[in-house]
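Given below, in the form of structure tokens, are the structures.
After this come two complexes, each holding chain A, first together with chain B and then together with chain C.
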Partner chain A sequence: MSEYKDSAVLELKHVGKVFDSGKDTAFRAVRDVSLTVRRGECLGIVGESGCGKSTLARMITRLTDVSEGEILLCGRDISKLRGRALRSTYRDVQMVFQDPYSVFSPRTSVGTFLEDALVYHGILRRREARQEAKRLMELVELPSGLMDRFPHQLSGGQLQRVVIARAVSIRPKLVLLDEATSALDVSVQKQILKLLVELQRMYGLTYVLIGHDLAVVRTISDRIAVMYAGMVVEELDAAELEQAMHPYTRMLLNSVFSVHDRGRKIIDLEEMRVSGGHTNTEGCPYRERCMFAGPLCAERRPLLAEKRTGHSVACHNITQLS
Partner chain B sequence: MEILTVKNYSITYDGVKSAVDRVSLGIDEGEIVSIVGESGSGKSTLLHGILGLLPRSAASKGTVHVFGREIAEMNPAELRKLRGEQIAMIFQDTGRYMNPISRIGAQFRQYLRCHGNYSPAECDAEALDLLRRVHLADGERVLRSYPFELSGGMRQRVGIAMAMALKPRLLLADEPTSALDVTVQAQIVRQMMDLREKYGTTIILVTHNMGVAAYMSDRIGVMRDGALVELGPTERVIHVPENTYTRDLLGAVIELDDERMAGRAI
Partner chain C sequence: MKPYIRKALRSPQFLLFFTLAAALILIPVCAPWIAPNDPIENDYENLMLLHSEKYPLGTDQIGRCILSRLIWGGRTSLLIVFVVIVIAAAAGIFLGILSGYCGGWIDMLITRFTDIAVAVPETVFVIALVSVLGSSLGHTILAMSLVGWTEYCRVTRALVLSLKQNAYVEEARLGGMNEVQIIFRMILPNVIPYLLVNIAQDVGAKLLTLSGLSLLGLASQPPTPEWGYMLSEGRRFIQSDPHLIIYPGMTIVLNVIVFNLLGDSLRDILDPRFTRKRREWRKLKQWQSIE
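Coming up: the complex of A and B.
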């Protein structure tokens, strides 16, 4: 274990986020998340909207405060940093968002966008930055002629390449990809994923990929963590995703449509209810949707426990499932 | 019987480039046909054209016949009768088409009374029944809610319930599951297939999700740059695509059982 610890780029220890409105009961968006990402690895985090995956991402990038636990970046706790010290972590953790248009200033050319990051973080001076920006454009397979263009003149796929180039250019310790390919057309999506994998190999980059599309997350991740109602309910090797055990992960897998499973998949209609967000009560958060739920599930929240080497599940009924 | 016939249909916004380019397509009663393609391929524009929902700035050529009548020749009163009673449409985000400051119940009543002959009490009973059919358990609470109080998946189910209220023969669905979570998407897909089983509803589905298209439809049409480049039975289009673009599109789909692009081998 110790040799792994040395190369851990990111360690989350019992991380939680509480949104406290003051008058109402506090809302726990993320609770007790512990995860480790090693150098050169890609950790995929999947879950549905509202499961807390983006809040977790915003805590890792320190765009929002961390309520509970520790976030270690290369062994250093960044969860409580402020001011100048915090600013240096902004350089170490870069983020790529879903909608590339929202990242750009409409009046800044693509080239300047790339140069600014290098100059701001003190990596190069303005004069040298121009040359480096040109190299970066080549790196992400864009013609350098696009450098003088403005964001609205580029396609979504091209812009996302520029965003990735900028993220990589300042040599971050960690790149956080939050639904980075979800808004793109299928053909473009595959190209961007290939580019990400290539860059990872070239520079030994460490990724955390957040997504809702299991097939996409699986294709470039080494490990996958499945989140539900703010908690990690299963963690396993991406290559073993088919052997997932948690009923929720099973349901996610069964919800993916393949072009080849025409007529083979059986979907049961679930009842939907108006709910007030996550239940803050004790017990398993998934129990109301779970066909295996028993009395224990209502009483006690299942904790993540290793069921096999490298495969952890938070479920009381796991022995009965296999 | 063919209930929709599109012939040599083109739509242009600026008179130069065609958003829809000479599309011909016939759809039989009870069929589910998916139109797939990437953003900007004209698939949504085609759907809007069929329902006569194009903005004034759009110019169209060719003909669209629905139930034997040409859309372009119908007057507003006839169109209004056609929409809702004969054809219904669901959109990507149904919530956006709802009035944010009016409860679901009020909007449901308005919809039913506008198109059908219901008393207010009958409306509520009918609405509850419809919500139950789309598996929204606490229908009374749904009717008392404002749109923003429901999740995206629930709003979409409300949208489907409304669309089905008058048992239309033709349902046009424009990316109905694209904004939804995968588990909810599966539910909505199942819901739409239920409609055909129970009421024989004809469905035209516009989607960019090849998996959903393959799962649901009898035939698949592929659009690119406004043109319908391929149209055929689902099995044929998926397994022996004739058009190179269809092949590329299918090749770009990332599947759960694909070889992974990266990662340690174990």
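Coming up: the complex of A and C.
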């Protein structure tokens, strides 16, 4: 166990995704992302919709092809695998999707859904899988009577528990949570997060938690990577989030709503300028919304550089910021 | 499967149409024991009879018992229709899934091929084929199957195209299924219920096509009883003795309706969401009526 403690479960090396939608209208959804997730750790990835965080998750599970770079899962490059080899990597990496309703085939009962993963991964036979499914239902605190039910008879929170149970059932090395709690009520969201933390402790799981809600992501993450326009603009320990330097992260921090906020003072129009979308030109993608943008920002794309131990920022104006 | 059976037994609509459809199939199957008379025997003393003890539905222009001919005729008509549908649906579903799931050049090839097949008019094609190969039931079945699969292929392809976008297909992939398993476990079970409606309606449509072909003398050979051919023979006497075409006409209509409604109620049962939606819809209607 201890020898794996610091070993990287997931390593992204200059991963990029280009969507070719025509002759010269290539859209770069993700560019040059390098991240490392160590065993037992939870990496949170935050960013607004369309920033490429889901595309990144889909590339790690290879539901989308990887255009550039390498994805190392436990030291093995999975970015070009196909067919049987790819299927076998799904024993090590699982994903929980945003909408639990869409993950179930309407004709598959909850029990069968749980069994299938164990059976098709060749871990257990159908009968044994049935027993294991019962145990899994208990694990996620659902009555085993629900196993014969069909997905439309369960609530979103219950379904998401089932999905998590299935993801965990095959003991993967990495679980990707793609907005896993975004579609749920706030109270249910909290329960699910609690469950995730418990499971992580129990099985020593490694998570990549993707979300747009900084407050949710930071509660269970050890490290946080902030994405903007397909790039990681800042990476730091979750505990040091208050010391974030990048103007975009600062804006995100200021945008987190709290019930304790009152009145309209929280809405600062200057910060709310919305960009004109991704720009394919060189230069910092955030410069149009950034209040510190200078001439250099338009010329050169800032690279992620370590400012302190475990804290990297991609910005030209760091000195000014701190 | 069990919950479906339980649900089926609880649906009065399904039970009714299932019984009717079973009766419509069983009656021709048991023809030798049920039919009051020999369907091809002529009784020259009782031509164009409207009704009698011996002939409940009367006799036709050459003195054959109409009821017996209807009962025996179901054998020919339904047999052809069922064989054609089994062949056409199997081929159509196979090609549709192949086309929709694989995409790319396979999809293009199959789609173009389907377009060509759709462009061929059914009746003309059957006439051409039967005149080349000779008139027989086998050739009619072959010809009808060769043009009948296109609808299944198109519907299946469209369904598969939308179904494979579902997150549960991706989830199945993460769950260790290979493409063939995904097709059989995730795609096919979700395609079939929608197609059941098509299949049931197709029984009606194919019956009508077959009747049309028989009318032209392309399906069954006299004196073999067949509904469409009975219509064709009775057509000449529509002014004086309409019962010659009313009875076979009604039989065809009855079959078409029963199989259509059977398909509808089958879908209600096989789609677990459907009944709930309908229940909610009914509740909504009640609310609206209260207001």
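Here is the rule we use: the second predicted complex is superposed on the first by the 303 of 322 C-alpha atoms of A that agree within 3 Å, B and C clash if a C-alpha of one lies under 4 Å from a C-alpha of the other, contacts with A are read in each partner's own complex, and residues count from 1 in each chain.
In this text, a residue touches a chain if its C-beta (ideal position, glycine included) is under 8 Å from a C-beta of that chain, and two chains touch if they have at least 3 such contacts.
Quantities reported herein were computed from a predicted structural model and do not represent experimental measurements.
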Could you say whether A:F292 touches chain B, chain C, both of them, or neither, answering first, second, both or neither?
neither
Quick one: is A:I220 in contact with chain B, with chain C, with both, or with neither? Answer first, second, both or neither.
first
Across chain A, the partner (chain B or chain C) reaching more residues is B
Classify the contacts of A:Q200 with the two partner chains as first (chain B alone), second (chain C alone), both, or neither.
first
Should A:D185 be classified as contacting the first partner (chain B), the second (chain C), both, or neither?
first
Pick one for A:E48: touches chain B only (first), chain C only (second), both, or neither.
first
Per the contact definition in the header, classify A:M251: touching chain B only (first), chain C only (second), both, or neither.
first
Touching chain B and also chain C: which chain A residues?
none
Residues of chain A touching chain C in their complex?
61, 63, 84, 87, 90-91, 94-95, 97, 99, 102-108, 116-117, 120-122, 148, 150, 152, 163, 166-167, 170
Which positions of chain B touch chain A when the two form their complex?
38-39, 135-138, 141-142, 145, 149-154, 157, 181-187, 189-191, 194, 208-215, 234-235, 238, 248-250, 252-258, 260-266
Tell me, which parts of chain A touch chain B in their complex?
42, 48-49, 185-187, 189-190, 193-194, 197, 200-201, 212-216, 218-222, 237-242, 251-263, 265, 267-274
Can you check the complex and tell me which residues of chain C touch chain A?
3, 166-168, 170-178, 181, 185-186, 189-190, 271-273, 276
